[in-house]
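First, the structure itself, so that you have it in front of you.
The chains carry the letters A, B, C, D, E and F, assigned in the order they are written, with residues numbered from 1 in each.
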Amino acid sequence: MPTVKLLDDHTASPEAKEVFDDIRSTRNTDYVNNAWRAQANNPAMLKRNWEKAKTIMGDTGEGSLDPITKEMIYLTVSIMNNCEYCIHSHTHFAREKGMTEKQYNEMLDIIGLATEGNRMMTAMHVPVDEKFQVKT
Amino acid sequence: MPTVKLLDDHTASPEAKEVFDDIRSTRNTDYVNNAWRAQANNPAMLKRNWEKAKTIMGDTGEGSLDPITKEMIYLTVSIMNNCEYCIHSHTHFAREKGMTEKQYNEMLDIIGLATEGNRMMTAMHVPVDEKFQVKT
Amino acid sequence: MPTVKLLDDHTASPEAKEVFDDIRSTRNTDYVNNAWRAQANNPAMLKRNWEKAKTIMGDTGEGSLDPITKEMIYLTVSIMNNCEYCIHSHTHFAREKGMTEKQYNEMLDIIGLATEGNRMMTAMHVPVDEKFQVKT
Amino acid sequence: MPTVKLLDDHTASPEAKEVFDDIRSTRNTDYVNNAWRAQANNPAMLKRNWEKAKTIMGDTGEGSLDPITKEMIYLTVSIMNNCEYCIHSHTHFAREKGMTEKQYNEMLDIIGLATEGNRMMTAMHVPVDEKFQVKT
Amino acid sequence: MPTVKLLDDHTASPEAKEVFDDIRSTRNTDYVNNAWRAQANNPAMLKRNWEKAKTIMGDTGEGSLDPITKEMIYLTVSIMNNCEYCIHSHTHFAREKGMTEKQYNEMLDIIGLATEGNRMMTAMHVPVDEKFQVKT
Amino acid sequence: MPTVKLLDDHTASPEAKEVFDDIRSTRNTDYVNNAWRAQANNPAMLKRNWEKAKTIMGDTGEGSLDPITKEMIYLTVSIMNNCEYCIHSHTHFAREKGMTEKQYNEMLDIIGLATEGNRMMTAMHVPVDEKFQVKT
C-alpha cells in the first residue's frame, strides 16, 4: 500500500511516459519497475532521478568502478538505510550483473565488521589519529 | 576527548599487548592506531575485533573482492553511520591501497544517488516488484 | 503483529480510557487509532504523549506554523526514521488538513536533495564556514 | 580537516569555476561556501547538485511551499541525518530568509514529538490502521 | 558553537529560571548543564523535558529498573543516535551512579553484537519466526 | 521473502550443521530460528556470530550484567536500528528471561526520552560541558 498511485503508460503524463520509454530502451526490457511508476507522480523528479541513475550506474567503460562494484555500493547504502524496496531490487540487480554468492557474503561480512566498529568508535569518541588527517 | 584512556604498550594488559604486536607484524608498521588503543580497555573485544578485521579485510587472494573494493564498502558503511573516526581512517586506508580520486568520486556519486533513492522509496512505501523477490 | 495488545474501551484502564475520550472530543471523531491503543498499555506514557501531541500539533492560532507545515515536518521526521506506521498516518493527516499533491512532491524533492547533500558533507567532513556560526 | 581540498577560483577546473560564478550571480553575493568548494573536486557532481538545489530551493513563485518552509524541511532532514555542516548552514539560511525564533522552537518541538513517537511505534510494531492506507 | 545562546540565571526567563532552580534542588548541585541552558530558549520545552526526565530517570524506588540500568539504556540510545553531547554526559552520569568499567565494557559488547546482527537480518530480510510473534 | 534460502539440517553444510547442533544443546531446544538458518549460507559468519552471541549474551555468572538487562540493551539497539526481525525475537527473549511489562514500559519510556533529548542536543549543537569530559 504505497502512499501514491503507481502510474502506467495510460495514467502517466506524456513527460513521464517519455522517461518510461527511455528506461525500456536503455535497459532493453519491456518492464518498468515500481520505483519509476511511483516517481511518475512527480515527472520532474522522475526525469531527474532517472537521468542521474543512468549516468552514475551505467557502464561508463572508462576504467573506474565496474558494474558489480557499483551495485554492491548501492546495496550497502540501501542496507544501511533499511530500505526494503532497494534491498530487494539491488540484490536482484547485483546478482543479475554477475555478483557471486561468495562476493555477496564477503560484502555482508564487511558491512557487519564496519557497522560494529563504527559504533565502538562513536561510543568511545575515539579521536582521529593525526596520520589519517588529510593535509590540505 | 575519548570516554576511555587510549592505552599503549606500557598501560595495556599482556593480552592487549599481544594484539598490538600482531597488528604491527601483520601491517608491517610500528604504528598502532587509536581504534585499537581504545578497545584495549576490553582485551577480549580487542582480540575478537582484530581477528575479525584481519580475516575479513585481509587480502585473501581467492578471487573474491579486491582490497580497494573492500575498503570502499567499509567506507560507505562508515559514511552512512556518520562515524567521524572511521570516515577519516578508511578514506586514508582506501587511498593507501590505491583508490584513485576518480573511484572515490564515483563511490560518492553512488552513495548520493542511492541514499536519495532509498528515501523516496521509503517515503512512498513502494511495494517490491514480484520479479525482485527471491524464490526460495 | 504488534509486541503488545491494542487495547480498547473495555480492556484499557480508567486512566487510559480517559485519554481515549479526550482524543475523541478533541478530534471530533469516534475513532481512536492504533498508536494510542498500543500506548494504552502504559497509561502514563499515553497521557504524556497525547498531551504533548495535542499542544504541539494543535492549531495554536498564534501566527507561528500552520497545520499543514506542522504535518509536513512531522512526516519528514517519520520518513527519516523509516517509521512505517507514522509515514502512513501522517501522510493521511497532512492530506486531510489540506496538503496538496504539489506540496507533497515539493516536500519529497527537498528531502531527496537534503539527504544527498547531508551525506556528501559528512563523507568529505566539510568544515562549517565561519559565517554560518552563531555568535553567542 | 576535510578529506578533500576545498578548491577556489584558482584551483577549480573551468567547469567548476563556471558553477561558482552561477552561485555568485544567483545568490547575489561574492561568497561561495565550503559545500560547493568541496564538491568542486567532482565537477559533474558540483554542477548536478547545484542545479538541483537552485531548482528545488529557489522561490518558484508558484504558490506551493514558501522559502522558510522549504528551509525548515531541509533543516529537519539535516538534524535527522546528524549532519553538522548542514545543521549550521541551513539554520543560518532559514534565519536569513526570515524564520523567527518562535518558528524555530516550534519546529524543534515537532521534531522532538515525532522522533519519540516514531520510536514507540517501531518498538511495538504497531500495525497501520486501515483508514490510513491509500486506496490506489 | 551552538545554534542558540546558552542562557544563564540572568538571561533566562522567569519560567526557565524556575526550572533551573528545580534542577539544582533535585540534583543537589549548583550546576546546571548546557543541555538545559540551551533548551531555556524555549521555556515550555525546557519545563516539559525536565519534568519528563525527572520522572523517568529518577529513582522511583518501585522495584523496576535500577538507576545504572536506566543510564545504560539512555547511553545506548545516545550511541545509536550518534549524539556527541549525550554520549559524554550520560557516560558521565552512568559512572557517577556506579556503573563499573566491566559493566560498561559488557554494554559495549552487546551494542556491537546487536548492531551487527541487526544489519545482517535487515540485509537478508529474514522473516520473523512464528514463535516470536505475540499472540494478541 | 528473504534474499537467501533459509537452510535446514539437510541443506546446510557440515560446518553450519555443527553450529546448529551447538545452538540446540546450548539453548536446550530443538528449534533453530531463522536468524541462524539465513546466516548458514555463510558458514564462517554463522560460526563467528554464534560464538560471539553465546559469549556475550550468555549468563556469565560473574556479577556484571544480568540476562534481562542484557536483553533490554540488545532490544534497545534493535529498536534504534529499526530491525523488525530483531525487535520481535528479542522482545520474545527478554520476556522469556523474565522481563516484566513494567520493566518493558520503563525501557520504552527511557528510549522515548533519550531519543528526543538526543535530537534536541544535535539540532542546537550544544557543546559538551567540561565536567563531562573524561580526563585521560
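We take it that contacts are C-beta pairs under 8 Å (C-beta built on N, C-alpha and C of every residue); 3 or more make two chains touch, one makes a residue touch a chain.
Small disclaimer: the values here were computed from a predicted structure and weren't measured.
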Any chain in contact with subunit B as well as subunit F: A, C, D, E
Centroid-based (C-alpha) most distant chain relative to subunit B: C
Cα-centroid distance, subunit B relative to subunit C, in whole angstrom: 35
Subunit C and subunit D: spacing of chain centres that average the CA atoms, whole Å: 20
Inter-chain centre distance, subunit A versus subunit C - centres from mean C-alpha coordinates, in Å: 28
Subunit E residues counted as touching two or more neighbouring chains: 1-4, 6, 45, 49, 52, 80-84, 87-88, 91, 108-109, 111-113, 115-116, 119-120, 122-125, 128, 133-134
Contacting residues of subunit F [partner subunit D, same complex]: 79-80, 82, 84, 87-88, 108, 111-113, 115-116, 119-120, 122-125
Touching residues (chain side subunit E, partner subunit D) in the complex: 1, 3, 41-42, 44-45, 49, 81-83
Interfacial residue positions of subunit B with respect to subunit F in the complex: 1-6, 48, 52, 55, 128, 133-134, 136
Subunit A partner contacts - residues on subunit C that touch it in the complex: 82, 87-88, 91, 101, 105, 108-109, 112
Touching residues on subunit B, where the partner in the complex is subunit A: 1-4, 6, 31, 33-35, 38-39, 45, 49, 52-53, 56-57, 64-65, 69-70, 72-74, 76-78, 80-81, 83-86, 88-92, 100, 102-103, 106-107, 109-111, 113-129, 131-134
